[in-house]
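In the two complexes that follow, chain A is the common piece, with chain B as its partner first and chain C second.
== the complex of A and B ==
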C-alpha cells in the first residue's frame, strides 16, 4: 500500500511539471492551430537562461522563473512577427506550421548546442536533492515544489482565461476565429498575446525543468512526443485536458517504470500517443478535429 | 478520330480522349531531354575508373552518399509529395532495412547487395502495417504520429539485445583493397537511386499516382470520385518505405556497423523532408536536386566549421527559409514561372 502511494505521489509531482510544459503547447494550438514542435526546445532555452543565472549569480531557479518567462515571451513575439504572421494565409497552413516549427526546433537545438555543448546540465538548489517523509512515504522536495508551482501557474492561467476580458477574447478566438473577429475581437493582437503567453509558459517550465530533469540541447526530441501525447490525450487546445492528461500519464509511467522497468516508462507516453490518435483523435476534452 | 456531335456513344468519347492524351504524351516525349539522365548515369558508371589513376575514394563516397539520399528522398516523395502525407519518421525504415540485411550478413555472411531488395520488402511490410494504423489521421496528427513511431523504434532498438542494443553491431568488411572496397556499394547505391527515380516517374504517371495526387488535393472529393483512398495511402506508405529500406541495407554494410544512434535519427528523416521541399515536393527531379544541394551544403558546413551543431542549425535555417520563401521548391518554382530548363523536366 505504501509503495503504491509512493509511486502515485512521485507520478503526480512529475505530472504537475509536465502539465506546465504542455499547457503552452495546448494554448498555442487552441488559438492559432499551430502544432508547435519547437515548444520543448524553447523549454530547454528557458532552462539554460535559469542555469546561467544560477551558475553566474546564484539566483534560485524558482525566483528566476518570472524572468525566464518574460524573456521567452519576448522571443515568442519576435518569432510570431517574423515567421508565423506571414503564413496565416498559406493554403496548407497547419502542415506548413508543423514543418516550420520543426525547422525552428532544429535551429534552437543547433544554437544551444553551439553555445553550451551537448553536456548534461542541471541546476542544484538545496531543495533539489532534499526530501520530506510522511510516515514511510518519501517526497522529494524539488519535484514537490516544482509540481506545486506548476499547478499554481496553471490555475492562475485558467482564472485569467475564464474571468478577464482578454481571457474571454482568447477563448472566443479559440472557439471560432471568424465569429470572434466579427464581434470586434482584435484577432491579430490576441494571436500575438496567446503566442507570447504560450512561449512564456515554456520559459517558466524551463526554470522548473532545470532542477527536476537534467537537460541538454538535443533532449527536446524525447519531450516532444511525451508532451504531444499529454496534449493529445487531453484534447488539443484544452488546458484542463492537458493537466488531466499529464497527471494521468505520468502516474501510469511511474507505475510502469517501477514495476516493469525504467526504459519502458518513456515508452508509455509514445504508445499512449499512438493509441489515442487511433481511438479518439480529438482527445478527452477536445472537439472533433476538422477534416483538412 | 473525330467525334461529331451526333456520335455521343460512351466508347467513342473514351476513344477520342485516349487519342488526345496520346497525342499530348507524344508531344511531351518529343520535348523531353531523355539523353540527360542517361548521360549522368553513364558518367557515374564510368567514375570508378578514376581509381586507376589515384585515390578518389572521397569522390566515390560523396556520390554514394548523395545517391543514398536521392533514393530516400525520392521514396519519401511518393507518400509526402504525391499523396501529401508528411512523415517525419521515415528514418525507421532506413534503420529496419539496414538492420535486416546487416543481421543476415552478420549471421550467414550473405552480402547486403543481394539481400537489399528483401530488406526493402521487410521495410514495406512494416510500412504497410504502420500505415494501416497511422493513416487514419491526417495533417498535423499524422506528422506527430510519425515522430512517435521513430521514438518508439529508437527505444526498442536501443534495448533489443539480439541486435546489439544501443552499442549496435559490427559487420565484417569485404576483402577488397582500400582502393576498390567502396566500388561495389557505389554501384549498388547508384543503381538503387536510379531505380527509385525511374519508379517514382512510373508511379506518378500511373492511375495509382493520379489517385495519390487527387488525395493530396482533396481527400474527400477523391474518395467520392471512387478512389479507395485508404488502400492508396497505405500502398503509397509501403512503397515509399521499400526504397528507403533498400538504401538502408546497402548503407549498413558500407559503414560496416549498425547502431541505433546512426540509423534512427530524426535528422535523417528531416533531411528527406528538407530535400523534397528544397527541390520541389511532388516533382521527379526535385528530390534529386534537393539531395545534391543538401549534401553539398553539409560538406561545406562540416568542412568550414566542422561542428555538427552548426550543421543542425544550418539544416533548420535552410529548411525554414525554403518553406517561407519557396514552398514549391526549386523545380516547382521554376516550372510555375515556365523557366524550368528542359534537362530538369523529368515529370
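== the complex of A and C ==
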C-alpha cells in the first residue's frame, strides 16, 4: 500500500510540472492553431536562463521563475512578429507552422548547443535533494515544490482565462476567431498576447525543470513527444485537459517505471498518443464542433 | 432621404481572388429594415462582409454617418455602431449563454452597465433566461439564432446586419426570427438583411435591394420590388406578393 501511495505521489508531482510544460503548448494551439514543436526547446531556454542565474548569482530557481517567464514571453513576442505574423493569412497556416516551429526548434537547439555545449546540466538548490517523510512514504521536496508551483500557476491562468476581460477574449478567439473579431476583439493583439503567455509558461516551466530533470539542448526531442501525448489526451487547446492528461499519464508512467521497468516508462506516453489518435482523436475535453 | 450608411460602387473579393462585388451600391435609412435579395453567388453575403471590414474594399466607398469606413478592421467598425451576424451565427459553443452575451458587450468598458444590459436581454428573451448557464453549442438552431440576434442588442448598435438568419430553421422558428427583427426595428435599430427566402424577406422589409453578379440592379421600397413583374419572375420564382 505504501508503495502504491509512494508511486502515486511521485507521479502526481511530476505530472504537475509536465502539465505546466504542456499548458503553454495547448494555449498557443488553441488560440492560433500553431502546433509549436519548438515549445520544449523554449522550455530548455528557460531552464538555461535559470541555470545561469543560479550558477552566477545563486538565485533560487523558484525565485527566478517570474524573471524567466517574462524574458521568454518577450522572446515570444519577437518570435511571433518575426516568424508567425506574416504567415497568419496563409490558407495553410497550421501546416506551415509545423514546419516553421520544427525549424525553430532546430535553431534553438543549435544556439543553445553553441552557447552551453551538450553537457547535461541541473540546478541544485538545497531542496532538490531533500525530502519530506510521512511514515514510509517520502516526498522529494524538489518535485513537490515544482508540482505545487506548477499547479498554482495553471490555476492562476485558468482564473485569468475564466474571469478577466482579456481571458474572455482569449477563450472567444480560441473557440471562434471570426466571431471574436466581429464582437470587437482585436484578434491580432490577442494572438500576440496568447503566444507571449504560452512562451512565458515555457520559461516558467523551464525554471522548475532545471532542478527536476537534468537537461541539455537536444533534450527537447524527448519532451515534444511526451508533451504532445499529454496535450492530445486532454484535447488540443484545453488547459484543463492538459492538466488531467499530464497527471494521468505521469501516474501511469510512474507505475510502469516501477513495476515493469524504467525503459518502459517513456513508452507510456508514446503508446498513449498512438491509442488516443486512433480511438478518440479529439482527446478527453476537445469536443467535436457543435455549431453548424 | 436621410442616409445612415451609403455604399458607393464598391469592388471587393476574397484575398487576391477575382472580384465578387463589382459596382454594388446601397443606401441605408435609419430605423428601417432593408432586405438584399439575389440569386446564389450574387455577392449578398460578400457585401455585408465588405461593409463590416472582413473583406478589404478595392474600389468605391462605404460611408457611415458621414465617415469613410474603408480600411477599418471589423472591431473598429463595430465600435462605430455596425454589428454583423454571419450565417454561422458566430457563437462561442463552449461558453454559456450569459458568457456569449458578455462577449456581445466586449467593447463596453462599464462592467456594471454590461451586466445590467445582459439582465435586460435575458428579461426580454425568456428562452435565453431559462438557458443562461447552458453552453451555446448545446442549444437548438433557433435558440442559437435568437442568442446571436439578441446579443447584438447589448451594445445598442445603429445597424444590425443579418446574413440569412432563417437558414436551416423550421418555418415556425423563421417567423420568430422575423419578429425579433421587427422588434429591433421598432426600437430604432436599422436592420440590413440578406435573405435567401426573398419573398418573406421583402414582406418584412421597408426597403429592397436586388443584387446580381456583384452589382446592384435595383433598390427601392420593398413593396415596389415585390410588385415588379420582372423581379418576381427572376428572383421570387414567379411568386406574386400576397
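Heads up, the rule we're going with is that the second predicted complex is superposed on the first by the 288 of 292 C-alpha atoms of A that agree within 3 Å, B and C clash if a C-alpha of one lies under 4 Å from a C-alpha of the other, contacts with A are read in each partner's own complex, and residues count from 1 in each chain.
Rule of thumb we're sticking to: a residue touches a chain if its C-beta (ideal position, glycine included) is under 8 Å from a C-beta of that chain, and two chains touch if they have at least 3 such contacts.
Note that the coordinates shown come from a computational prediction; the quantities given were computed from them, not determined experimentally.
Enquirer: After superposing on the shared chain, does chain C or chain B touch more chain A residues?
Expert: B
Enquirer: Once the shared chain is lined up, is A:270 touching chain B (first), chain C (second), both, or neither of them?
Expert: first
Enquirer: Name the contact category of A:280: first (chain B only), second (chain C only), both, or neither.
Expert: A:280 contacts neither chain B nor chain C.
Enquirer: Touch check for A:141: first (chain B), second (chain C), both, or neither?
Expert: neither
Enquirer: With both complexes superposed on chain A, which partner does A:94 reach: first (chain B), second (chain C), both or neither?
Expert: first
Enquirer: Using the superposition on chain A described above, determine whether A:186 touches chain B (first), chain C (second), both, or neither.
Expert: Once the two structures are laid over each other on A, A:186 reaches chain C alone.
Enquirer: Just to be sure I read the superposition right, which of the two partners does A:177 touch: chain B = first, chain C = second, or both, or neither?
Expert: Neither partner.
Enquirer: From the superposed pair, tell me which chain A residues show up as contacts to chain B and also as contacts to chain C.
Expert: Residues 289, 291-292 of chain A touch both chain B and chain C.
Enquirer: Give the list of chain A residues in touch with chain C in this complex.
Expert: 89, 165, 168-169, 171-172, 175-176, 178-187, 287, 289-292
Enquirer: Please name which positions on chain A make contact with chain B in the complex.
Expert: Within the complex, chain A touches chain B at residues 35, 37, 83, 86-87, 90, 94-96, 98-100, 102-111, 113-114, 118, 217, 221-222, 224-225, 228-229, 232, 263, 266-267, 270-271, 273-274, 277-278, 281, 289, 291-292.
Enquirer: Can you list the residues on chain C that touch chain A in the complex?
Expert: It is residues 15, 52, 54, 73-75, 78-79, 83-84, 86, 88-95, 99, 102-104, 106-107, 135-138, 141, 144, 151, 168 of chain C that touch chain A.
Enquirer: Touching chain A in the complex: which residues of chain B?
Expert: Residues 84, 86, 88, 133-134, 136-141, 143-145, 147-149, 151-152, 155, 158-159, 219-220, 266-267, 270, 273, 277, 307-317, 319-320, 323-324, 327 of chain B touch chain A in their complex.
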